[in-house]
């Protein structure tokens, strides 16, 4: 049987690192998606928060198997 | 708490302008999405309708906060 | 009335050809989408399976009308 | 019968808007092309004219059916 | 003598495969162009026809020698 | 004498249209730059303001002659 | 142990199809590479041969595990 | 009156330099085009000829005013 | 009042991480810029220093409000 | 004497961070390459391993001097 | 100490060659910048002057160390 | 028999011109490669040397037939 996957784009944020921002995106996505197969980093942005910290923002494209 | 967002791509159309086509895309999207945070114009296309009018077509990537 | 469309990204796979991989992606997508209007090939990848066959993998962006 | 189309690139200009610049490009192109099927906006540029007005410049790729 | 070439963009379509869509584009182009030197695939798109078949659409950039 | 130009990137915003957002960017830039030669639209984004209006955001790359 | 891979670019050709051109590229590459993990299609080009046949040319980026 | 321009792609070649290859492309194009307004370098390629010389190949996009 | 922003490109370096290289770029930029609104990561490069350490280099595009 | 360099693409992986994945790629590459001059990050991807950890995958293009 | 650099975009022009256009851009830039570290060619364009000569236009991104 | 080619990336440098930098890259490459079929210019960069001269740097992708 030939597998079929869906790709969605999620933006994760973190004041710690891009790796933590990715983890936040994957954690949130995994609440509605059974099994994440892979992800790609699409864009890295950020801002400076009022407390002076940097907020890292990462756009990840997440691939997961379609069951239906 | 670190916010997480989702990005979706919507194509709006209008015989008036690209701004109206964007508004049509955002209006339709806002029927199922609570709070649109931002959008990016990805592509601008169009066609000439049978009535001779130009139909403007715009692909917008829309970002909104994931609540879950 | 100005139509509005949504774009989603699906990855189809096939041991036969990219055309068959696209068909698999469209077939699976059409189970939850009423009417597919068009698609674009975004990326073509692949791997060599344990049986020595090539698995063709294609990312297609699928456009369909939003009814709501 | 499988249709075949040709794509050409036209630059339209206008002191009014990008939509008017597109219309100017399509109008000029339609003098030698029977039936324009679609167009894509490739680039948006501009300049400030001596009268202080902004001139909007738009590169459109125009698709039309080849009859031969 | 240094050769000079021209590039044109043609869209071929086929219900069979992208290779057949390319062939259709080249066949049509060769009716007005003496000698096609090379081509590049620029974009692959498609649609589902009313008969349920997939129509493959391919944009090819065709290079040929300018004689003048 | 061979002219030399500098390119800078400015983001203009407007609740009216992208053309007005470009005008706002050019107006502000022209306060410190003598003579703007041309501009290119680099990116078009936007957001929905608290008053429900769309804010159009445009990144323009502005070219002007270096006098020194 | 964290795996490390190398990527190389190979151009395969075929008078039959892009799938066959990919197979030719992979077959040749596998003579010096133990285990191909995946490939990406980078570019699709072609030419018309003296016998009137189309020659399909495909650039594939091939990934394989570095043993050292 | 708003001017309208057309863009065409020409490939020039030279054993001397890319500047000479551009000149060859412009010279040939100017035989059928009245007034070339500007050009952009799209791609630079080349090959090694049988005489051991390098042949520089340049793709230029040429813009000229449409009179009609 | 419609806000206007300027974008500048800064390259930060660090022997620790890309996040630290971004912080170095933002810290230096903030010495002459009042209020940084956002940044985008444009490119990530690096080198190996004489002491054997990796130097991470990051190009960030920084956006800030124009006051004038 | 004018130096000449070669560029190769290596994929490093790590369960810790992208910086560690880059280091793994450089370490492996340095076993066969005398002197790495610089590297560029080409792509950042990843997967979720069976142990629930994220595996960071980074494609780096590595430049080094050709001695011959 | 971790160095920080700034990138600016300058357009140089010349009736001789792209190399001379780059030199003109660097010469002008060096009047206000102490020490240019590197440059990248971003775009190559041109026009035909009234005297029939080709004017080569080159966009260079110039990197230099920020002292502050 | 269907030919197969390999693509490698080489960086050539020269204080004279980009054409000379390309020649240096091809000369060095031809010491280990029998027959170079074609090349593409991927990137043009440079630096200012201590002697005040400009060093032109060019990344070329070189294609050659695989014999095996």
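We just call them A, B, C, D, E, F, G, H, I, J, K and L in the order they show up, numbering each chain from 1.
In the analysis below, contacts are C-beta pairs under 8 Å (C-beta built on N, C-alpha and C of every residue); 3 or more make two chains touch, one makes a residue touch a chain.
For clarity, every value in this text was computed on a predicted model and none was experimentally measured.
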item	value
Shared chain contacts [chain C and chain K, defined touch]	none
Minimal step count in the chain contact network, chain E to chain I	3
Most widely separated chain from chain E, with each centre as the mean of CA atoms	I
Centroid distance [mean C-alpha coordinates] between chain K and chain B, Å	39
Separation of chain G from chain L, taking each centre as the mean of its C-alpha atoms, in whole Å	22
Multi-chain contact sites of chain F, meaning residues that touch two or more partners	8, 17-18
Complete list of chain pairs which touch one another	A-B, A-C, A-I, A-J, B-C, B-D, B-F, C-E, C-G, D-E, D-F, D-H, E-G, E-H, F-I, F-K, G-J, G-L, H-K, H-L, I-J, I-K, J-L, K-L
Residues of chain H that touch chain K when the two form their complex	17-19, 22-23, 26, 36-41
Chain A partner contacts - residues on chain J that touch it in the complex	17-18, 43-48, 54, 56
List of chain B residues in touch with chain C within their complex	8-15, 20-21, 24-25, 28-29, 31-32, 59
List of chain J residues in touch with chain L within their complex	2-8, 61, 63, 66, 68
